[in-house]
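Everything below concerns the one structure shown next.
Residue numbering begins at 1 within each chain, and the chains themselves are lettered A, B, C, D and E in the order written.
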Amino acid sequence: MSFNLKDILTPFTAWSRVVKEPVTIKDPFTREAAPRYRGFHDNDVQLCIGCGSCEAICENQAIDLVPIEGVEGIETKSGDSGLRPSIDYGRCCWCALCVDICTTDSLRLTNAYTWVDTDPDNFIFTPGVTPKDWYEKEEGWRKPGHGYEFYSHERVHMEELHADERKDSFIEFVKGYSAEQAKKEADRCVACGICTATCPAHMGIPEYIKAVRDDDMEHGMKILYETNPLPEICGRICTHKCEDVCSVGFKNGSDPLSIRWLKRYIADQIPADVDKYKDMLGTGEIAKNDKKVAIIGSGPAGLSAAHYLALLGYNCTIFEKLPQAGGMMRYGIPSYRLPYDQIDKDVDYILSLGVDIKYNVNVGTDITLEQLSKDFDAVYAGTGLHLGRSTRIPGSEHENVYQSVDLLRNIVTGAPVPVEKKVVVIGGGNVAMDITRSMARLQMEKFGEVNVIATSLEDEEHMPADREEVVEAREEGCTIIPGYGPQEVVITDGKVTGLRVWKCLSIFDETGAFNPKFDEADERIFEGDMVIESIGQGMDLSYLSEEIKSKIEFGPRGRILVNEDWQAKGLPWLFIGGDIIEGPDVIHGIANGHRGAQSIDKFLNEGR
Amino acid sequence: MINKFLGFKPDEKLLPSQTVTEDTEIDLSSHKYQKIWLGPNHPGVTGNMAIELTVQGTTVMRAKTHVGYLHRGFEKLIERRLFVQGFPTSIRMCVAEPDTNEYFIARSTEELSGYADAVPEYANWLRMLSLEMARLAGLLRGVPGQGGTFALGIGVQWGVYLRDLILDRFEELSGARVYHMYIIPGGVRGALPDGFKERMEDNLRDIDDFIIRIKKLMFHNSVFKQRAKGLAVITPEMVDKYGIVGTNARCCGVKRDVRKDNPYLYYDKLDFDPPTATDGDVYSRTWIRWQELIQTVDLIRQIMAKMPKKGDIRCKMPNVLNWKIPKGETYVRLESGRGEMGMYYVTDGSDKPRRINLRGPSYNHAISVLEHMLIGQDVADVHAIMVSLQTCPPEIER
Amino acid sequence: MSELDLNNKTSEMLANSEANVKNSKKNFTRPEDEKREVVAPDGSIIEVNPLYDYFSNEKPKEEKPRGGVVEKFLNWARAESIWVLGFGTGCGSIEIPPLVTPRFDMFRYGVQMRPTPRQSNAFIISGYLSVKTLKRVIRTYEQMPSPKYILALGSCTINGGMYYDSYSTINRLDKYIPVDVYIAGCMPRPEALLHGFVKLKQLIKEGKAEKANEYARNFDEYKANQKKIIKDWNMPDYNW
Amino acid sequence: MKELIEKLSSKYELQEVVYQRDNLVFAAISKENAIEAVTYLRDYEGYTHLVMMSCVDWIEDGKYQLLYLLHNPKLKNDIGIKVYIDRENPEMVSAHHLWKSVWTYQREMHESFGIVFPGSPRLEENFVVEGWDETPFMRRDFDTHEYAEKTYFPRGNRKTNDPAEYMRKKLYPNQPVTAKQRKDDK
Amino acid sequence: MNIYAKLAYTILGFLIVLNWGFLMGATMRKIGARMAGRHGIPFKQPWINLFKSISTRTVITHGIMYYIGPVFRLTGGIGLFLFMPMVFTGSPDGPWTNFSFEGDLILIMYFNVFGMLGMALGAGEGGHPYAAMGITRGLAQHAAVELPLTLAFLSIAIQFDTFSIYKIVEAQQGGIMHWVLFTNPFAAAAIILAMLGALGHSPFNLVKAPNEILIGPATEYEGTYLGFMMSAGATLHVMEAVLFMNLVFGGATSWLELIVKSFLIYFWSVFVGMVFPRFKIEQSVTWFFKVPLLLGVLAVIIFMF
């Protein structure tokens, strides 16, 4: 090797570093991490709904969901599972996928990073609940934004007829999803199950959505029929409490999953062929037993009870007052929302399971309940709410003041329906919207223009009707003015000319009782030639004889009390369900029917 | 002159050395040989691995690489995880330069699910930035580290400090120091923070200064030259025979660089030329890496200048919890600091991969190449040779 | 439970685990590790069992602290001079270089690295431990002089971390060797590690870091756990 | 790449030819012809660089799929030669004579899948695990989670709740558990 | 001066040397740390390390020689000290001349090897292959260092016609130009170069080469024995520096001067060591057999004739 003086001397230049100040961090113990640092977890427990998406995405199974009941200062809210994530720092890898998927944006990582302990069992904590000193740190990892999202926050747009096309006909205007759209929509699901818990029927929503993704409609139908025998109907008109709590739509600016449309999509894919249904659901052969059950009313509760009882082998007979099955679903809901052939599709299948139905039989007059109890082993009553409730304001007895229930029924049965040029509807519920929009269509047919005003006590945000119903009604030209309380039907010269209303300030008083307060200064008169009341329905219990009425117990507002097996208290063979217990709601009716069927099964088997 | 006077030939060593090859017979029971273990508990091994050496005196007669001390079964574990869950796991397959593994998972899944072209441009530039930063961080340890193997510790101290500054930038960009978990299928997980470029430029200036200093310290150092020159030569014939890639191949004149050969991301938009050398020894490997250090600094500057100011960081993709990829297979490769890395990715239509298989350069470098090269070397050089081959055990056993 | 019961129980566990080792499907003893007879130069025959020592079956002695001011002073010395074994068992060892270099410079807190277990009294288990490494870690730990301290880094040592479902890595370190300080993180930053050292110093000064004695006391239990998962107990041969 | 595949298919029967990218193609060859084809590609077509060898367990079909991924440094493209071998009796001709790195791959595959490569050096030596006497761990029928739970004492102080089930009980406390307890797909 | 006073001075001197050794080691480490850009260990660290080593509870044994090794090493250090005149006070019987006598240079050269032999004993008995490898290297290098060193010593001895270090120091008094550094530049150069090997810093720190052979001979040592070794190391470093100071750099007339000079001498090896990597053993031996040996031979030749 040749001798090179440069190679010996040059390295010594490194000594020039000795005069430089050390670059060591003076106090490493209090050093702040970067603003985006993924340190220890914090959870805004008030915001969190315990959906468990974090648990699902955690690849290390580091997250458990633990109940927070009894923890001071934390209240559970609607759509809140009552659970909160607890994190095992013996598993966590601080990838922050839990933060990125968090449906409520409640979970975040602070930039704290020091946790030293001698006991390995201590490293489990519930962020936001277990007191830790890093919660006050503002900085840390949050969702990055800039187009970064783990699931789409926007619902796939459902195609429907334009308001101008639909407002003059009763043709179903929601077109339904195509396969591609349905899959895309189904893809948004995080399978948290809050919908399942909220749904009265506890439908296996995540599972059937998964079936949509997998394109396995038959499996989807099986799941639907496990808890709901009326998928076509429910897929259209369900009150979708599931969507209200859907964790995907929890955050501002994001839409909940359209669970209802996906259900409809599954049901729509199967053609209306009873044999195919039986084949698919495996109900071709049902071992029959000799027990007989009478079912009063063919509404959702009755049909549901009949379906599940038939599957269990019971001989069911439905007694229906009206000429066609379906109850309120057929006679209360306009066909632009629920076409009759879809009702028939579901009903036909249930009837094909060996359910007998007797139309135009009015229990109480044509046949007494006592007679039924003798002829049958058990009776299920799902008679529903078919009586309109009046506001009882001055002028409401006028003949041009109608009940929405009656009008809707008349539209279906073909009985003449009075249509005036100007219509005022009192009520802000779904039925009110139905009648509003139905009247609008009739007006279009008759006069070529729409002039309907609907008003409700509740203000815009608290209207009980579904949001899209209100929007669609407005699209169709109806005027909806929420927040006013009706005071008087203005009658001029014996004719209804309008409705006088006051601005409603509050509906309930401090005790929570119904006691609306009005601002008398803000008075308006809605002009109208007819007024339709749609503020709720009442039940018709005329089929109960006095003897039976004396045996069973009644609760407040005339409701029949039932025990947890849905038996009327006092009469073990009488099972009650549907709207007369739960109020007007199709899914509750279906759930009641299902439970009723199971209770009847239990009741009839106990004797053996 | 002096040598001649003393009767030495210039290139002859004072102490006689024997020539040992792979075929030299070794009779272990003859008591002429000793077995020693370099590792796993040994400061001289790169990471947690071991080399079983059979030595005579201090000459290595046989070497066997033992790995598996870091075996975690990643490939099995990722088979159990959703596609999106794969990337936090995969990143831990290599500690020193983890971003490459994230890129594989992201790129493979994107390619197999048809989203390869949907990744936003901004995200791809950020991916390149993070990959080059990782390379820089690796080189800042690796180049002076080669001096460190010969007990020139001071360069390592400077290098690791500067690496730490790069880790600070990583922390800003990705939210973590070492395991960045930054490149996600579909894009990246964070936009460039405000003022990042300025702070990065500050650090790059420090690194420029360091590059000069390390050149004076190592490459103009007579002792380093004596130790490193002629040590553990890789010949061009060996390259294909042993599957040598990256700087280890370039050190003997075989120009292999995935960034040039099969450009990925936007490497074809950057202006660079991978350095090569001809000697193939430890010195030229170090020299190439030093040149790469300059080049990487330059590349980072180019990337920061050419990248768009802002944009989306992730494309619209299916819900990560429900993401399924149709059946298929692919092989994705990139040039890491250690050479070509790649991943064989097989999907079977479910929401989890069927099989992933990482091909790390060390798989060949640390086993077949190292075992071959160590034969006949001095025990003192074993560490230097290991480091010069850039062995990284976690990517061997995974 | 009386001490006798405890002993019975642990010896039973030990016996069970040894039976397990015997019953396992494969025999991991290499030919050179088997018992053999060697003829000494003087003609006498010596039986050699290369595996005996490697089993580390000998129970370590429990070394009682001296107590009093002396112990306090010694504890202070121990705390202010922590010698860490330079054995990077897992990925956490990537954060050791920043600690010994200018940025964090742990030397100023009296923490230094030592290359051999004989001279170290602190062992950083830097993350996950594969079974193969665990065997070396136990061997190393037993070589370290008492009092010795273990710092466990990251999730992996607490409950398996990322690799909770891996067939190759252990889940809980405290089942195999006693741990003094756990540091959360994956991986913990160098600052967190320094915090860990501060905690360890505090423990030592308070005289609470006596885990080496705990290991000696519960040796049988630890050994049973270790042998449950380490099926191949053979240690690498050093000398030929 | 097309010409290469045509040339190759004139010599050997190719199946499942997939052009994954314009510089990457996969093709399956029968077990008998595989090594010959790989040698041909190496010696005559310039595919001198063995990128990797790998193995996939197609347990449904009862096959292991071996992969020889070759790279052509001149044309800068890759070909993956796939070979299906029987899963019950996994044996493959060793290729260790072709490249010096092959035996490592084969040793790994022997350990992790149990594939035998007769003649391959150091095949029986431990590669990454020590004292392994279970099913080879990369096989699909080896459940690593179950093994880990059984072997490694996971910490037992955790309990989780299914939000759907927990919330249902909270919202409808009186309802008897009726619907079939579905196992959530999560 | 009576023997008791002398003994007292000697013991006091040893304590000073030991503590100065510790302090000097810490200072050097701090300088190195500063060059790297950090603060480095506190100055008190070596003492704490010593106490900490003593506080170790477990002691393993590898046999009697294993114990004796560190003792030999310390003996080597003490031996160097005992026969080394520390501070020149103008009288050979002065307070800090210890037990130096006419032929002490030869004895000291012997003691210089003694410590290394002790290590060899201990390392051999310890049985660790790396310890054996380390001590082999150590002895080989020591031999290579000793050769030029001995030649240079010889040259100096010839120059001043004495083997007494005291006399050599005495001869160098009276100004900087009287130092051997200037009066016998070849010997001085040989010593200055060979010193690098004797003080054991890079590029000649092959004995303790952490990334090659763990920590060499001390691999198996722990606890009190390690404490012994650390003390011996500290003493040896100072004493070797003092030896070279006495021989080449004019000795010291006060403790302060001793401290400054020994620091600078020791710093010389650090100065080189920080910026050069380590030689392999054959390179190291070759190196010593080239330049320093040649210089040594020249130095002897010049003064022989």
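Quick note on the criterion: a residue touches a chain if its C-beta (ideal position, glycine included) is under 8 Å from a C-beta of that chain, and two chains touch if they have at least 3 such contacts.
All values reported here derive from a predicted model rather than from experimental measurement.
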| item | value |
| --- | --- |
| Neighbouring chains shared between chain A and chain D, ordered by label | B, C |
| Which of C-D and B-D has more C-beta contact pairs | B-D |
| Remotest chain, chain B as reference, centres from CA atoms | A |
| Central chain of the complex, centres being mean CA coordinates | B |
| Distance-maximising chain from chain C - centres being C-alpha averages | A |
| Centre distance in Å when chain A and chain E are each reduced to the mean of their C-alpha atoms | 88 |
| For chain D paired with chain E, centre-to-centre distance based on mean C-alpha positions, whole Å | 61 |
| Approximate Å spacing (C-alpha centroids) for the pair chain B, chain C | 31 |
| Averaged-CA centre spacing for the pair chain B and chain A, given as whole angstrom | 56 |
| Multi-partner residues of chain A (each touching 2 or more other chains) | 11, 14, 17, 22-24, 33, 56, 59, 88, 90, 93-94, 120, 191, 210 |
| Where chain E touches two or more other chains, by residue | 33, 35-39, 129, 210, 214, 274-276 |
| Residues of chain C engaged with two or more neighbouring chains | 86, 101-103, 105, 108, 115, 132, 158-160, 162, 164-169, 172, 186, 189, 238-239 |
| Contacting chain pairs - touch in the sense defined above | A-B, A-C, A-D, A-E, B-C, B-D, B-E, C-D, C-E |
| Residue ranges of chain C touching chain B (in the complex, touch as defined) | 85-91, 93-95, 97-98, 101-103, 113, 115, 117, 128, 130, 132-133, 136, 140, 162-163, 165-169, 186-187, 189, 236-240 |
| Of all residues in chain E, those that touch chain B in their complex | 32, 35-38, 129-130, 133, 136, 202-203, 205-206, 209-214, 274-283, 285-286, 289-290, 294 |
| Residue numbers on chain C that touch chain A, as the complex places them | 102-105, 108, 152, 155, 157-162, 164, 172-174, 179-186, 188-192, 194-196, 198-199, 203 |
| Chain E partner contacts - residues on chain A that touch it in the complex | 11-12, 14-15, 17-18, 20, 22-24 |
| For the chain B and chain A complex, residues of the former touching the latter | 10, 81-82, 84-85, 88-89, 120, 154, 158, 161, 168, 171-176, 179, 181, 187, 189-191, 193, 213, 216-217, 220-222, 225-226, 229, 310-316, 318-322, 324 |
